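The structure follows.
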Amino acid sequence: MEIAEKRIENVDVLKLTGRLDASSSKNLKGRVDALVKENRIRLVVDMAGVDFIDSSGLGSLVSSLRVVNRVNGDIKVAALQKQVRSIFELTRLHRIFGIFDDAEAAAKSF
Amino acid sequence: MEIAEKRIENVDVLKLTGRLDASSSKNLKGRVDALVKENRIRLVVDMAGVDFIDSSGLGSLVSSLRVVNRVNGDIKVAALQKQVRSIFELTRLHRIFGIFDDAEAAAKSF
Amino acid sequence: MGLRKVKIIIESDLDDIPLVGIAVNRFCSYAAFSETDAFNIELCVIEAVTNSIKHAYGEKTGEEVVVIFTFSDSEAVFEICDKGKPMDPERLKKADLTTAHCETQSIETLAECGRGLGIMKEIMDGVDYRSENGINCLILKKNIL
Amino acid sequence: MGLRKVKIIIESDLDDIPLVGIAVNRFCSYAAFSETDAFNIELCVIEAVTNSIKHAYGEKTGEEVVVIFTFSDSEAVFEICDKGKPMDPERLKKADLTTAHCETQSIETLAECGRGLGIMKEIMDGVDYRSENGINCLILKKNIL
């Protein structure tokens, strides 16, 4: 999985491409931890390019959210592919994350 | 691989779908042998639905052609997918078979 | 088509898991599952392989995980096997995506919630576990409609 | 990405060969080969597996054919191994799609022409054969550009 970063105003967007699984989820958590250290705690995870997610990937999103919540920040999720969205719903994580159609809408929601 | 048959005037069209390989090539040879026994020796093999061919598949076309040629019939090949066509060319079989864009054109060429 | 069978083997390295995933996905399409079913079954097999590497082998590399795929016209079966530490079968029985600590709204509890076995039980038509002669196999079944 | 590795095993049944083919095709895409390269490499691996079943095992079922796929950023290697009758290595050396009996216009001679090894030599960057301790492996290499 690749992680590309950009900013929309004061929001950091992490654009993921590939598979968010047991191996790559460590990279996501690492990036979020690094951003939180720099006090960048308004985050959007753009999942348009994520064509596979498993419970480890979901777990990394939840524990990233926990880290960011603790410092009163938030993570919004954007642009879920159909199958990935259905796994969010199966595991009920759509109740925990703000989910948006695209990264712009997610960034504006802060 | 599936083989569907239809007639265009006095030509028999064998429409193949799937993989023409060591396993399925036996079916093709069997069908051609059966048609030759009924003296149906103007044949078109419609390959539009064939997304894979190997040397066994090519071999079955060549030996079918031999059987049909012996009784003064012919086999024309129609609608090769791009990758399949390049294997015909690699093995120089495009010099042996009349190759047409579609089954109608192949049938008309008799 | 008769009974078809293929085995995929990787070493216990998380980075090799996608190779199993993409192969399983294509096998499912070949067995006439829909794209959605293929995605979901791929997910379950990957959860099982990940569990073997993480829990049975404790992420020790150089061990083997074997996935045996058999299918007929009516059913697809995946056996995911390792030679590591066996799982307590109660884990499988109790796994449930709707149990208290996975259903809570508290992000602290949610983060701790294991979802792999629960996902498998939701998606597959059968999930079994067998440990015999040092070989542990999780068996996933899905009907072909 | 480091060195990645996966093994696929089927029994010596021609009907199981497509399972190897579709998996190899996806592995090639994953290793960043083009669609055309993936098709051509799939073809070569299938030629090799077919030869193991037809020639090494004489189509006897119940024996194993193992395909080991390893790849790095620069190269993909497929080892296709059986425990059947070894091949005379001269067969591989002499194989050539342009040799007399494959180039003739005579349909009688053409029908007899074996093309599997010749195709592999045309498409791959390396084709080797090794037979040791009762295990025969054809080794196919393709550079990743």
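Read from first to last, the chains carry the letters A, B, C and D; within each, the first residue is number 1.
In this text, contacts are C-beta pairs under 8 Å (C-beta built on N, C-alpha and C of every residue); 3 or more make two chains touch, one makes a residue touch a chain.
Everything numeric in this text was worked out from a predicted model, so none of it was measured.
Contact with subunit B and subunit C alike is made by D. Centroid to centroid, with C-alpha atoms defining each point, subunit A and subunit D lie 43 Å apart. In whole angstrom, the spacing between the mean C-alpha positions of subunit A and subunit C is 25.
We define each chain's centre as the mean of its Cα atoms; on that basis subunit A and subunit B are separated by 52 Å.
Counting partner chains per residue, subunit C shows two or more touched chains at residues 15, 18. Across the assembly, subunit B contributes no residue that touches 2 or more other chains.
Shown are all chain pairs that touch, namely A-C, B-D, C-D.
Those residues of subunit D whose C-beta lies close enough to touch subunit C in the complex are 1-2, 4-11, 15-16, 18-20, 22-23, 25-27, 30, 69. In the complex of the two chains, the subunit B residues touching subunit D come out as 19, 21-23, 52, 54-56, 58-59, 62-63, 65-66, 69, 83, 86-87, 90-92, 95-96. Within the complex formed with subunit A, the residues of subunit C that make contact are 14-15, 17-18, 21, 35-36, 39-40, 42-43, 46-47, 50, 53-54, 97, 102-103, 105, 107-108, 110-111, 114-116, 118-119, 122-123.
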